[in-house]
Every structure is written in C-alpha cells, then in structure tokens.
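Chain IDs A, B, C and D follow the sequence of writing; residue 1 opens each chain.
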Amino acid sequence: MADTIRVQTADFDVGEELASLTARDARAGAVASFLGLVRDINEGNGVSEMSLEHYPGMTEKALAGIVAEARGRWDIYDVTVIHRIGCLLPKDRIVLVAVSSAHRGEAFAACEFIMDYLKTRAPFWKREVTPDGARWVDARESDSTAALRWEK
Amino acid sequence: MADTIRVQTADFDVGEELASLTARDARAGAVASFLGLVRDINEGNGVSEMSLEHYPGMTEKALAGIVAEARGRWDIYDVTVIHRIGCLLPKDRIVLVAVSSAHRGEAFAACEFIMDYLKTRAPFWKREVTPDGARWVDARESDSTAALRWEK
Amino acid sequence: MIKILYFASLREKLGSGGESLELPDEVSDLAGLLALLSARDGEWRSLAAVKNLKMAVNQEIADASARICDGDEIAFFPPVTGG
Amino acid sequence: MIKILYFASLREKLGSGGESLELPDEVSDLAGLLALLSARDGEWRSLAAVKNLKMAVNQEIADASARICDGDEIAFFPPVTGG
C-alpha cells in the first residue's frame, strides 16, 4: 500500500507506471486504469492547444483525500494518480488513474470513483485555444451527475 | 475503428498497446483499460505456475463477438483485447482489454462489459500448480453474476 | 464425419483431445451425440453427468437441442476460466 | 493577515492571482469576506454574483458560512475542469 500521487508538467510512461504499480504486490490480480487525453475537438470547436492551471498544495491534498475515500469503500491494493499541468497539445496525455486489487470489480469501481471525484473536486482548470480564440472550459453537468451516483 | 484482438503465448507491452490504440484517433479523450495478472495465491493456496489452454478458432470468434456487442451498446472508438495462453508465472500479464471513447463513462462501461463476457464466454481454461499439486481452476459464481448484470 | 473436441479437465478425464466420428443416422442433435458418447465404457459413462458441461457447434456455444450434421465441428468443455 | 488566492477565469477577470489582506474585526466568515471584496470597484462588484463560485479555506472546499481567522489561506475559483 504505497500510493503514487503526482502533479507534474512532464509526460508520463503508462507502461512504466502500471509496471511499478503491480511490481510491489503479487496478490494483485487486477489493474483497472483510466488514461485521459487532450481531444482535438470540444463543444464543436477544433482545439489546437490547451493549458492546465491548478491550485498548488490543495490539488495534492484533494487527490490524496479522494484516494483515501476510495480505500475506505473498496478493498484495493495500490493506487497511482498522475495529473499533468501546463501547456498540452491534442493527443497529449493529461491524467492517469490506476488501481490494483485482487479482483476486477473493486479495481474498476475504485478507478471510476477516483476519476469522477477528481473531475469534480480536484482544483484543476482547463483553458483551450480554438479558432475563435482562447476560452476557459466550462464544467460539465454530466461530471456532476457522475460524481453524484457515488453518494447513493 | 480497427480492433486489435490477439491470442498469443508472448508477453505484451501495455504502454505500447495503449499508445497504438490512441494514436489512430484524436477524438479519443478517454481510454479505460484492464490488466489481468497471475496472482501468487488462489482459493487459499500458493500458486507457483499456471497454464492456459484455449480453443483455437473459437476463442478469436468469441472475442470478436463480445467486442461487436460492446460496439452495439456504447459509442466507442477502438478496442484492444490481448489474451495470453501457455505457461505463466505469478505476476505475469494474462489479459489486456482497452477501450477508447470520447468520454470516460462509455469507455469504462464497455471495458468492464468486455471483461465480464470474456470471463464467462471466451473458451480459455486455467490450470494452476499449487503445493497440493496441479488443479484446473473452477469457474467463479461471481463471474457469472457479473456477466448477468449486463442482461438487464 | 463430424469432428469432436474435448478441452481442459474434460480432455484429461477422457484421455482424449478429440476424434473424428461417422455420425449415425439416428443422431441429429447434441443430446443424441451426448447419449452416444456416454454409452461408451469407462470415464465416458460420466460425460452426460458432468456438472455445467458446455457444448459448441461450429465454434458457437449451443445447448442440447442444437441440430448437428455431417461436417460439423462439435466441442465439449467445462465452464471457461480465462481472463 | 489572511492570504487570498484567485484562480482560472476568476483570476483573469479580477486581474489578480491573489493578495494579502488585514482581516477587519467584523469579518468572521466567508460570506463576510465576499461582501467586503464585492464592495470594491470594477469587476470586484460582480464577485459575489459569479455563478457556482467555489471557495476554499486552508485548501479545503468550504461554503459561505465557514469561519475564517487570522493566518488562513482563502481561495476563490470557478468549478473545476481537470481530468
């Protein structure tokens, strides 16, 4: 049980991160993961560039709190959360969440939960450049709905 | 839309597979994936070795059918399913399922669906070596239950 | 002729990975084939009684009522445990 | 003194990433601080009216009734959009 939680401008290597997640614990039979990428289109507009701002200090605390809550809900082994900040281009990796567990049901649930809470509770903000100019990305109603279902 | 479905004795590189999955489509903002590993313990016994048998021909057809059904249910882009056969050791990779989509909800659902159906419909059989000798792994009730929830 | 395959624990138990068989005229479905094979001596007797026995016709899961005809590939196996 | 931070679209709109402020005695919660800031000229006037304005006290999400005291780090920001 050693969580990896990182906020960084540098890219990350998914294969390496998953290997390091699973290397520690031979009980882990299941790893569910999510990789988020910059899309080249959003709300109907082409996106040529994106920048990600965050709230240093609070971000790491919020992510650690979300992971701790996932641990309280599911029997999981190790967790990796990596989120990039700064300037990104279409297809660039933004976020990786990976969860190992003995069985896949818990790994999937915890991974999806962490993503849903990250989307609504971790202080990151996206700004994208489109042919119409730069704009701050609006929060999506569907993200709030996704997070709400875990309150049941 | 180009699915990768492979049954092989060789190991695979998760980072490379995910990179090749996402390289093709810049609309893909979300990749959900599942990695299954050999556990060093099962049903209370230590496992020192595992072998995987399959039904050549039917396996590939069954996997393609499961992926096609996922495509009918969710709006997903690309799918990768790789399943190893032959002799494996604890911590070895067994299976990778990865699904790309515009949004994470569909990627997660389709990935979990494919795993649940693979577990109950694709003709693979595990045999493991424990201190008490070799034994064929029994099908798990929980896998049937997991697959059944998609029938609703 | 039909081709019959046996997998995993069933293959071990029967001591056979498969066989080619001339389909008798009176056998027209999987239930009939199962009865035919179960009439053999030794471990074959228990074939029809195998718990959760799975069957496939031409690489598609099928149940006992599935029709079979000359040239078909039939398979018998225990519940799958991949993934 | 309290430390106040503004992020993302709010930072741009106010033209400020943050400030240090001597907390007046009569301000004891976030609602009070918000009223104080909204009494300034220009864009500040619209601060309290920002749709879905989020607030944090010492790096934890808080609502308008949250107590604040000397030394606290307060943040105002729009709904988050990471991931």
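Everything below uses one rule, namely that contacts are C-beta pairs under 8 Å (C-beta built on N, C-alpha and C of every residue); 3 or more make two chains touch, one makes a residue touch a chain.
These numbers come from a predicted model, not from an experiment.
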| remark: A correct list of chains touching both chain B and chain D reads A
| request: Indicate the whole-number Å distance between the mean C-alpha point of chain B and the mean C-alpha point of chain C. | output: 26
| said: Using mean CA coordinates as chain centres, what's the gap between chain A and chain C in Å? | reply: 48
| query | Rounded to the nearest whole Å, what is the centre-to-centre distance of chain C and chain D, using the mean of the C-alpha atoms as each centre? | reply | 73
| For chain A, what residues touch not just one other chain but two or more? | 36, 104, 115
| Could you say which residues in chain D touch two or more other chains, in rising order? | 83
| remark: Listing every touching pair of chains gives A-B, A-D, B-C
| request: Going by the contact rule at the top, pick out the chain A residues touching chain D in the complex. | output: 36, 52-55, 57-58, 61-62, 83, 94-95, 115, 118-127, 136-140, 143
| note | In the complex, the residues of chain D that touch chain A are 5, 7-9, 12, 52, 56, 59-61, 75, 77-83
| Residue ranges of chain A in contact with chain B within the complex | 13-16, 18-19, 22-23, 26-41, 90-91, 102-105, 107-108, 111-112, 115, 142, 146
